[in-house]
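Each chain gets a letter, A, B and C, in the order it is written, and its residues are counted from 1.
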Amino acid sequence: MLVLLRYEFILVALIVIFLLAWLIPGKSEDRSLSLFWINVLLFINFLFGFIPVEEGVLFNNMFYTNEAIGVQKMLLNFGALIISLQAYDWLKSNRNAFEFYLLLISTLLGMFFMISARNLLMLYVGLEMATLPLAALAAFETDSKRSAESGIKLILNSVLSSAIFLFGLALLYGETGSLHFSDMAGKLTGNPDGYRDTTLSLLLVFTGFGFKISIVPFHLWTADVYEGAPVSITSYLSVISKSSVVFVFISFLYIALKNMAPLWIPFLMVTSVLTMTLGNIFALRQQNMKRFLAFSSIAQAGYILIGILGASALGMSSVIFFVLIYIFSNLGAFGVVSVISAQTGKENLDDYKGMYHTNPMLSLLLLLSMFSLAGVPPTAGFFGKLFMLMAAAGKGYYILILIAALNMIISLYYYLRIIKSMFMDKSESPIAYFRSSIYSRIALVICFAGIILTGFFSGIFDYFYSISFGI
Amino acid sequence: MIITALIIAISVITLFAVLGLVLVYMERKVAAFMQIRLGPMRVGPWGIAQTLADTVKLISKEDIIPNGADKFLFNLAPLMVTVIATLALAPLPFSDKWIIWDSNVGVFYVAAISSLTVISILTGGWASNNKYSLIGAMRSGAQIVSYELSVGLSLVAMVLLSGSLSFSDIVMTQQDAWWIFKGHLPAWIAFMVFIIASTAELNRNPFDLPEAESELTAGFHTEYSGMKFALFMLSEYINMFIVSAVAATLFLGGWMPLHFGQDNFFNHIMDYIPPLVWFAGKVFFIIFLIMWFRWTFPRLRIDQLLTLEWKYLLPISLINVLAAAWITVTGWHF
Amino acid sequence: MKAILFYIFSVLILACGIFTVTSRKIYRAAIFLLLTVVSVAALYFLMEYTFLGVVQLVIYAGGIVVLILFAVLLTHDSGSLLPPLGVKRTVATFALTGTGLTVFLYTILGRKVEPGSGEFNEPSVKMIGGQLLDLYNFGFVLPFEAISILLLAAMVGCIVLAMKFSKTMN
């Protein structure tokens, strides 16, 4: 049990440590020291992920783990570590650093339970655990009204989506008489006569998932929440939170609903087209960097849906691979926005004009991240998208691929717009040169290396492919 | 079935009336006793009919609804508080045969119902459109919500010891001795915590901030007059009765006569006193305790009140639950 | 007798539910919500599932509604009427709820519902408690513990948001 629940036990231990850290005397004076140790702990937590994971079931199918799930958890751990490094500058001046980490780790724990769930109950509990503390985190800057607004918007939306989701799960349970994915798969046999019963419940469940991944008809909360929340939380929401729900969505679709593919494939197709297109169109006209990245992350979610549509081992591994690259490139972009915001408080696109002349390294990193998000060839982002489109091509969804390609061209425009304003535009008052803390620089260097190198190590994708499964 | 329901309804209403009459009279006499005076002496011998006269006065008073009050809610609040008090009466065993609803979750049910009282108080205070009422209602809400925790936890400790949520089962577990005698430290602590916290839940002195006369005129029921005011008063006394009955059942054996050990001479003597008398005696003993508090302790300040709950009673009762669990697992109680 | 009570409570649930959403006074809406959840609890009692009924009372009536009422009392201007719905919104609301109702009726009426056979035996509280903490026999100890961590996180989150530091402390 200890071995299978390893990831979760470590996180629980971290939660207890952060809770008891209050009792350490004199902690408010040298917050940088405690932040150092916290990051070391998170790093150790990440390193533990390299110990191979065995396949196993606990608590009567409520908890399941195998190598693929281990890898997914490791990716999330890794992302959390990078975000923690990036948040250093911001947390140094915040009194509630321990609570920040406590809440962050709780959401991570919720995600782990959710990913490991092969049971609707654990799925729901994990999902709640992964979102509720996030609302507190989004409102973490208690002085800022926008942060409070973002928190309240996040919690209202997640409560609404949870209610819809739960209603769907209840109907699904009523139809199948079981909470376990495997039993449900046996009952949901894809008999067209049963469609009338299942369509409604699946629609509600997908709506719940859709809210969390923020795919298009359910994306309206994203921009406001992302804009108001502290940058670290925005990146956490857009990368970690989203990826974890994508992972669990995959296992839900591929295991519980594997016989219902004719029903969910059209749904995913429509939403992925909508998500890509509308996300891109809205991203075109954003001035605030956080809002811009929010909409770009909506568009990215659309591409992820295409990967899921592959419904094969290739599809699943391409999504995991894409998430890895997405962690690097989006966290790289958010990292730059984060250090600039922490240093100067500037978050608008106009402020970035002429930044290349004052902060060449940051500009270069942002350039790489943008290229990677846009999928320009030498960067890793290209390979991520390529594999996902290949997975979709394997099923013959050529029109979908065409639409995706068109959307990538549109997206290239607005990613290039930022690069243009950094490198080519002149500004009276560009952001002055500054050196960020060693922690954020480490995080940025990791992202930098990841964006360049991940694409060239074919071993990574082969490994993901070897542990993935399809329908 | 309908006839049973009717009989129960009539007896409950009678019980309400009698309790109201008796408890108000008792309160006055106890107060007088504590202050070395006589209390009401004019109406009837020793003033026995004093409460009756008061009732007549209350009924004949004008029923005032203040301008700007939310009429619907204003009228609903006293009704609600009475209904809730009635509901909580259902699972209490008055004697070995007298029990309205022998529920298997009785303790839990009473705890649930008594948590609703705060809603009617909040409603009454809010609907009155009066700042004193509103402040009183808020205080009352904060107080009840906080002290509910300790009440619940002390109930949990006793449920752990007796191993059941049903009142009649709990009474039966006290055949050889009442829990206050055989439950060791956890039972004593739970008893004390329960009495303190439920006094606070009843909004009685020394926890009567919601209606503190010197600050808030009369708190949440400032604007109420006549029968509606009487309903608030009545349900306060009914609630006091219920709390005492719960305490008597959980800690002092309910209707169970004073027994020690199994089947000995002493137990047989005690069995000659009817269960109903035992029950009433215990309940009125605890009511007397609660009235005693009123004339002994000064009123707390709001911060002292919350400190008492959150910093003392709650941790104590949490640890107490652990201790009770430990004793139950090891079987250390007799 | 039971059937009559069932219909009385069902009508209460529906009526109070409608009043909850149509009332223009927020406090009244909360009180109607209270009546709704209490009626639902009454239905559970009617089905002789007392444990669930009491849980409903504790969580919804005693917990959530009280919380809502507190929030209303703390809100500025809670006594004034909410702005009336315009024509647009009314139409939109009716359209949405109508669609939802149609879809649900279509789905539910399409199902063949068979009346259950046999008596319902309420599980004892001991069984429920044992099941909640059982490690092996289909027990729910993992979600139970997971929820305890969720509650811890929620508590810490609330405290962080509500806590105020005096300026001199920093």
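As a working rule, a residue touches a chain if its C-beta (ideal position, glycine included) is under 8 Å from a C-beta of that chain, and two chains touch if they have at least 3 such contacts.
Since we're looking at a predicted model, the values are computed, not measured.
Colleague: Measuring between mean CA coordinates, which chain is farthest from chain C?
Modeller: Centre of mass proxy via C-alpha means gives A as farthest from chain C.
Colleague: With contacts counted as C-beta pairs, which pair of chains has the highest total?
Modeller: Maximum number of inter-chain contact pairs occurs for A-C.
Colleague: When the C-alpha atoms of chain B and chain C are each averaged to a single point, how far apart are the two points in Å?
Modeller: About 28 Å, centre to centre.
Colleague: Counting only Cα atoms for the centres, state how far chain A is from chain C in Å.
Modeller: Once rounded, the distance between the two centres reads 31 Å.
Colleague: Distance-wise, how many Å sit between the C-alpha centres of chain A and chain B, to the nearest whole number?
Modeller: Centre separation, chain A to chain B: 53 Å.
Colleague: Can you list the chain A residues touching chain C in their complex?
Modeller: Chain A residues touching chain C: 12, 15, 19, 58-60, 62-63, 95-96, 99, 102-103, 106-107, 109-110, 113, 121-122, 125-126, 128-129, 132-133, 135-137, 139-140, 142, 151, 196-197, 199-200.
Colleague: Which residues of chain C touch chain B once you look at their complex with the stated criterion?
Modeller: The touching residues are 1, 25, 27-28, 31, 34, 50-51, 54, 57-58, 61-63, 65-66, 69-70, 72-73, 79, 122, 124-125.
Colleague: Inside the complex, what are the residues of chain C that reach chain A?
Modeller: Answer in residue numbers: 103-104, 106-107, 110-111, 135-143, 146-147, 149-150, 152-154, 156-161, 163, 165, 170.
Colleague: Please give the residue numbers of chain B that touch chain C in the complex, ascending.
Modeller: Residues 1-2, 70, 72-73, 76, 103-105, 108-109, 111-113, 115-116, 118-119, 122-123, 126-127, 129, 134, 137-138, 141, 145, 148, 165.
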